[in-house]
């Protein structure tokens, strides 16, 4: 087991509003880790802090053992730390193909452009049919596919996905989770933030439960799924 | 409008400052002080008027000088060609500027942000170029008043005092109206628009009419002021009346002092005008005064965006209540 | 009729150059929502740059000097971006309007101190074309041709190259571009640089046929506003069309009315379009 | 960054304090009043005491100049001329009959070519700097504003670079115009055209939409029609115009024999250049302000043959003999003396704005000598009586109540750019005939 990303005692927030309090999270190589919890407990804030879109007031983030707390988001992306943000955040005025191209902006991604493109076409045949369409005009599910596909084009070392299933039809959600499994089997390290706790625990190897900006519980997903508190609070059982 | 404002120390500070500035020439007995204070009071009246729209409602009117030019032209025309008295002409000039704002408000106030700012520039240029072609207002040559008219106001020397008191009155009026708006329901609505126009609308602020009336109020005093300025200069030409650059100076004054407060434009106008006057006549800066003013503006925008009053308030929390 | 044709041709040729200047303004607005009020003085600096690089100064051929002006414009724009725009990018509109205006004041202030406001002339002539009612100096033709060329190059850059697409991506969604590894700050600086470059180059072209001083930019800045609104704010291709429309107006109106009515018509049109078609005559651009 | 921030804060606070300092009566009032009181007491004391001893009196001349903005160029000429005069007059000063030697000092500020601060600056000049006499700013518009102040204090103001007639028809009493008024700027050009080409019938007026130039062409149009010309085009352009194509097309369509108009330097030189580039077929081109300027030569071939009215030229033949012949008093340096002194000091030939600045000083100097006093009323009376020939030409002011101060005697000369023997562009005086330094070229070499 090698830890590829380590978040140590991070505090962070927006301006004077602190959201995260002393949070620590670790990602193991090749594993799918999920981050669950109610709305507003700081999952997105944590992701943004890891990426460097927010600067922590305290604590460190290290990536492959190197301290990257102060590194800018685009530099992290260039090192292979990729976030598929909540709400897709596509380049809506640009075509599907251009979105994929922009996904492969960094040097490391460019080198593998052709191979990644083939893989993405194969995973998302629907996208391949609409390469010249403006991405803003597609349906929500297609947009989410494109967001993930764009993330994959970036040749990620670690792929973080914020709210994969939000607002999507159930059959689409299943499709997307299938793809996650495949990516995991290919050995990609992933961090998944997901409101659908049941699905998240089912697909991931390890999970953190966040509450009030702190890690409340953590453990292998399978064990957490059996935890009484988790079952009562998040699974409604 | 209510006058709850008299309970606030800031009200008395503002009114006191303007009053002090106004009577200063009487104390020193010097006409230079009077001319300096004339410029300062003019700046205060204009900046405070602009603040009613810019500071309260958050709409950036880049071409606000159009009201000074238009109102001034109408009033001055009445004096020159129809022998009206200065006072009546001044009132009509103010009303016409207000009317222009009312019509414009209906037309362009639905634009937001940069679009509105651009539209106000367009309006100023359109009216300026129109006046240049408008024979009734003298076209490109403008209008001139015969010196004999000054006899009715006690000769040119006395006329300068008379018009000085008029400007003083307008500056005071601008500050009083600013307070009246600020502490009224109307003012509250404007500030809601500034924070979030859509939310304000949902909350029941009748945004179109509120904005329009703010625009109208912010136009009347500049209109009256224009008549006095032109009268005092004894002539007006389109290029002087509608100088866009001047318009931007008002914004700078409001910014410098702190937008949205009553004290802000007042302090900003006084500071800016004193500074410009100083730079213009200082041997060290007079060749580069424009560049220096630009640098100062940049530093303010970058580092003190809340203006002097905002900065003081943030710096000394206990001053919060005093400075509103 | 002769007058109509001659006048229209003059107007249209200038329209291309106006359009080029406006492209710089609209590109910057499209990418970062900033109306660059230093646009006019930058155009004027372009005029001075080609003057001092060209025959009256270092002796370069004016059209070679254009290339140098372009490079200088790019660098100068990036510097302006970091000094005056970067910090207030997320602030209210007023901040960027004022910060770019402060740059305007500084350029004019320093420019007046150095160059005075005496007009300068390139004294550059390469003959002309005279047939039928037309009498067109080649400088105008070449100027229009360069403007079209630069516009085409800009189009290719924005739509066919990785860097250009990155600019569009940043314009479209700055946070997302950052996540994809696009250095957004550098990209914004580049965009501001290109916008400045376009303004400077158009100024340099104008200097090959009109006299100029440090204050000359103001006129073209106002024209650029009109054009940008005609073509749709933030829409560079619309700007070229807007420039042509303005040029045509300036050509046609004087045939029927005193020339001094041209600006009245221009600005009334400007306000009307803002009121009823804020996305420009062609509707495109950003909503 | 922190330091920068501190600097901003400090400078704003300084400014604030400065503003408040101005607004706080206690310290400000006595501080400002005391020195003034002293000055007020000192001056008469000095004069009285000086009289028997033959002491020195320093007279302050105040004016604003456009050091920035669109009027900078002509304003600079005016300032230089005045400064040259100052330097010369102060060598010996003026000795009054009581033995007092009067010397001069100048105070000046930048008016930014804009009207807003003119009145404040002139008040400062009079009150703070105790200016005894005033010189006008450049341009009619700024002078209008300054005249109000001069008039309200009763200070004598000599205007130069303010040609508009309207200013002097408003009932002023202490403002004196040195320049030939605008209404007479182009009338000579029309006479000249009539003399050169009896067949010329059609004139096009294309002029800057501004107070001065509009005044000029309106008078010229009336004069031209009176002389039997057809005015085929009469249209103004904006001051900032750089593209004259629409006007050129209109001119081409109207097919005039002559084009007259222009406004200031920038627009006028551009118009001349574009008329040349477009090969617009006209025989005669007369423009305001621009042609007499030396920089006009930068237009090269486009300048050739262009005529311009000038208040004064170095070739002008105003001489003592001419004065004697006309029964006028002659005063001041000769044309050559002035031109040489100016070239020695500034390294360029003086233009008419420079001549005007110098002449304004000379007029004042003579008036003080005549009045034998620096008392404003006496100087004013001397100016009213003046009928003088100087290097700048004849000067005589209107003394009627309606148009007091309007220049009556001074005449324009007309220059034309021509090639000399070496093929260099030179400026020649071509009209009036008695002042010619060369024959006019007609038609325009195109």
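Chains: A, B, C and D, in written order; residue numbering restarts at 1 for each.
The rule is simple: a residue touches a chain if its C-beta (ideal position, glycine included) is under 8 Å from a C-beta of that chain, and two chains touch if they have at least 3 such contacts.
For clarity, every value in this text was computed on a predicted model and none was experimentally measured.
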In terms of CA centroids, furthest away from chain C sits chain A
Whole-Å distance, C-alpha centre of chain A to that of chain C, is 43
Note: chain D sits from chain B at a C-alpha centroid distance in Å of 34
When centres are defined as mean Cα positions, the distance from chain B to chain C in whole Å is 32
Two or more other chains are touched by the chain B residues 129, 132, 140, 287, 289-290
Touching at least 2 other chains, the residues of chain C are 109, 112, 258, 260, 263
Those chain pairs meeting the touch criterion are A-C, B-C, B-D, C-D
The answer for chain D against chain B in the complex is residues 4-5, 7-9, 11-12, 15-16, 18-20, 22-25, 28-29, 32-33, 36, 67-68, 109-110, 112, 114-117, 119-121, 123-124, 126-128, 141, 144-145, 147-148, 151-153, 166-167, 169-172, 209-211, 214-215, 236, 238-239
Contacts from chain D onto chain C in the complex sit at residues 68-70, 72-73, 76, 209, 235-238, 240, 242-243, 245-247, 249-250, 252-253, 265-266, 269-270, 273, 277-279, 295, 298-300
Within the complex, chain A is touched by chain C residues 162, 165-166, 168-169, 171-173, 175-184, 286
Within the complex, chain C is touched by chain A residues 51, 53, 72-75, 77-78, 82-83, 85, 89-94, 98, 101-103, 105-106, 109, 150, 154
The residues of chain B that touch chain C in their complex are 54, 58, 60, 62, 107-108, 110-111, 113-115, 117-119, 121-123, 125-126, 129-130, 132-133, 140, 248, 251-252, 255, 259, 287-295, 297-298, 301-302, 305
